[in-house]
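Heads up, the thing below is written out as structure tokens.
Chain naming follows the written order as A, B and C, and within any one chain the residues start at number 1.
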Amino acid sequence: MTLALQIVASGLVTGLIYMLIALGVTLLFGIMRVVNFVHGELVMLSAFAVYFLGSQEAGLPFWLALLAAIAAAALVGVLCQYLLFRPMHYEILNCFIIGIGASFAIRSASWAIFGPEPIAIPATIPGVLHVGGVFIAKQRLFAAGLCVALAIALYLFLHFTRPGKAMRAVEQDREAALLMGISSEQVYVTAFMISAALAAVGGAMLGSLFGIDPEMGAEPLLKSFIIVQIGGMGSIAGTVLAGLFIGLSDSATGTLFGGELAFIIDFAILMLILIVRPRGLFGYDVSH
Amino acid sequence: MTKALGLVLLIAALLLLPLVVQDAYYLHVLILIGINVMVAVSMWLLGVTGLISFGQAGFMFIGAMTTALLTKSMHWPFWIALPLSAVIPALIAAPVGRLSLRVKGVYFFLVTLAFGQVVNGIFAYFQEPFGGWYGIRDIPPPQPATLFTTLNKVPFYYLCLLLTLITCGVVYRVSRSWFGNVLWSIRESELLASSVGIDVPTTKLIAFIVAALFAGVAGSFYAAYFAYISPLVFTFEYSVNMLIFIVVGGFASIAGPIVGAVALTLVPEMFRVTGKYQLLAFGLIPLLSMRLMPQGIIGSYAAFRARRAHRALPRSALSLGIDSEA
Amino acid sequence: MALLEVAHLTRRFGGLIAVNNVTLTVEAGEIRGLIGPNGAGKTTLFNLLTGVLRPTAGCVRFESADITGEATHRLVRRGLVRTYQLSQLFAGFTVFRNVLSALHVHARSGFWAGLLELPAVRRHNDALHERALEIIRFVGLGGREEEIAGSLSHGHKRLLQVAVGLAPSPRLLLLDEPVAGLLHEDVDRMMALVQSLRDTQGITVVLVEHNMQAVMRVCDRITVLQFGSVIAEGAPAAIAADPKVIEAYLGVFEDDDAA
């Protein structure tokens, strides 16, 4: 029983982090139909940035390092928009290819600079909580809490602020929004920045829990795709639920059967969802 | 007429090449090019239909695994394993395709990506009989073993050349036929295609199965030539590389993936680019290519010639991008 | 002879009833108009008839065969063809290639036929080239065969659409707003073309249109839709005088010519 609770506990935490990263993916896809492959590398770069800024030489407190990483990620995100995706006119396939190219390039540059070895990171909040027979690292609780807070913040932003509502308008009908005087370009820029910020926080959390290495962006990205697809592209609620589901599923299969099988199961679930309900849990109808 | 003549000369040159080129390394590179051309060309056929599949590596792996298991564990001759390695991926492609094609646009990319990962994952997970992460080594070469030794690459070269020519020949013929025009039409507008009587889902499925078949052939040859296969070879990155061949080479005709495969296999080899620098190259090359040369090498060449003749170029000769409503 | 019989056709989208219990019959050889204010369900009705949407209820018969919910491409082979509101064309193809591609149902088009390309197949498909040229000339695009479809003027795109609709040799042609966005001369030319489709080719035509003058002039009978239901049906003169129709269109009659 305690094993089950342990699985649930750690599954929820990782699920929440992946959910946060996936929210960035679904935001971009919902609004501009862009699949941003560089998203994974933003996760990786932010993790590295927080580590290097927060430790040793620079010695910034964690919060400051995180904010700096978020700002840097937002900048990179907008750069991607202007250099990569806008020239492609946000055409899905072209963005896909150019995004993959950019992610390969960034990944190999990172490998060249930082070396291939993963770096373990000391916890910002050391210590373990013992709750009801289950051990939860405080760092994990902190990560979980931060992800939940940001998810709620995102929801509030989208539903109760003007820029947020503008985003939702563009997502639903670009032309109608234009007629209302909403500039898609501004919305796109905001979307890229928020998406990058989410990736940054997710990366920082992943790094603090699991260490950093140049390849760390690939798995969250692919998992994000799975999560977004299961939850429904463009749906926040779907992404949240699917993120938690994947987190739990991974934790369970990982503990019981080993890590690789978890990944296979994820993809098998993805294929199943695409077959049975291509729109995902909450998405729009996408089949013929 | 000069085109046909040029083609005949090219094939003659390729046939006579081993008389001139003796170095095993050069023959190896040419064989690599051949394998890449086979997979790239099969992906191109899919692209002509408006489909981009990231699962080709998966079908290639299935073909390779079929050959590996049949020849090594069951001691069947390669010449029987080869056609089976074409048929089995095709058989698997039928249900996978029918299910995957139910979704459109970017969702289709993701399903095929998932499929490639699942295939890779399954082969990686089960040590028995698929070799797990270690893969399968000591795959026997084609019969007669005395001919296909590791010392002499020439027979492998000819085998590869034969398979590549067959692949290119079939894809070329199909692409230039009425059926091929149907594929192009589907890519232009699925809605209009069905409105003129084209059975779009069935046609897409046929293209998907044919592409999987040729990927299987390439995989089969890979297994027999390299004598070692593992999940680290047939990855998502490999499928992406094939796509990059098409993007860089150009899309408008079969020459595109061929030129792209040749160029992008040769260049890293020439500059001894390996490991992660290869990743960098494969990252930067499509980036630069799409910004500077969106029509690919053959598209740019065609545009250059058209400009000299003061003609305009039809749109479908241009970039790969799909105008999707997804 | 009744070519098309629609019985109690209904389509719901959640709580919205887009097409409500529509019953109508199209006789062979007639030119039928289908009009109604925006949102009346005209295009949805077309979508239901051509396999783009499945009906929630009701059935459709074409030449006495039940075709309810049948796929678009199969309907084309039966002789039921439809054009679209927004110019659906193979935009990157030339005019010639557009029409040739549209002759698909007449071609030997299978995978193996393409791969083997026996001389008989080649001859059969090559004969279609002449057909394509004939159709292009018939709609009035002669001389423009090599132009890229996407670069044509709006009026010419519409003509090409008709050519593409003609190519499969339909017995019933559904035209969705064929003159939308056209200038006066082009409207006349299109309507003359529509009439010759029936007069010279024996094709039955149903057209959805907002341009009242065009509809009144060309159609034998007119069906009027409002909010998904048929509110009137009859000869043009009767329809123009029908109070229900006038009320549905309140004010539109005055400035409809500005189409």
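Everything that follows uses one rule, which is that contacts are C-beta pairs under 8 Å (C-beta built on N, C-alpha and C of every residue); 3 or more make two chains touch, one makes a residue touch a chain.
Because the structure is predicted, anything quoted here is derived from the model rather than measured.
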Far-end chain from chain C, centres as C-alpha averages: A
Central chain (by mean CA position): B
For chain A paired with chain C, centre-to-centre distance based on mean C-alpha positions, whole Å: 47
Averaged-CA centre spacing for the pair chain C and chain B, given as whole angstrom: 41
Interchain centroid distance [CA atoms averaged], chain A/chain B, Å: 32
In the complex, chain A residues that touch chain B: 29, 33, 35, 84, 87-88, 91-94, 96-98, 100-109, 111-112, 116, 222, 225-226, 229, 260-261, 263-264, 267-268, 270-271, 274-275, 278, 286-288
Contact footprint of chain C on chain B as seen in their complex: 170, 173-174, 177-182, 184-185, 188-189, 191-200, 206, 210, 312, 314-316
Residue ranges of chain B touching chain A (in the complex, touch as defined): 52, 99-100, 102-107, 109-111, 113-115, 117-118, 121-122, 124-125, 201, 237, 240, 243-244, 247, 276-277, 279-280, 282-287, 290-291, 319-324, 326
For the chain C and chain B complex, residues of the former touching the latter: 50, 71-74, 76-77, 81-84, 88-94, 97, 100-105, 107-111, 113-115, 117, 125, 148, 150, 164, 167-168
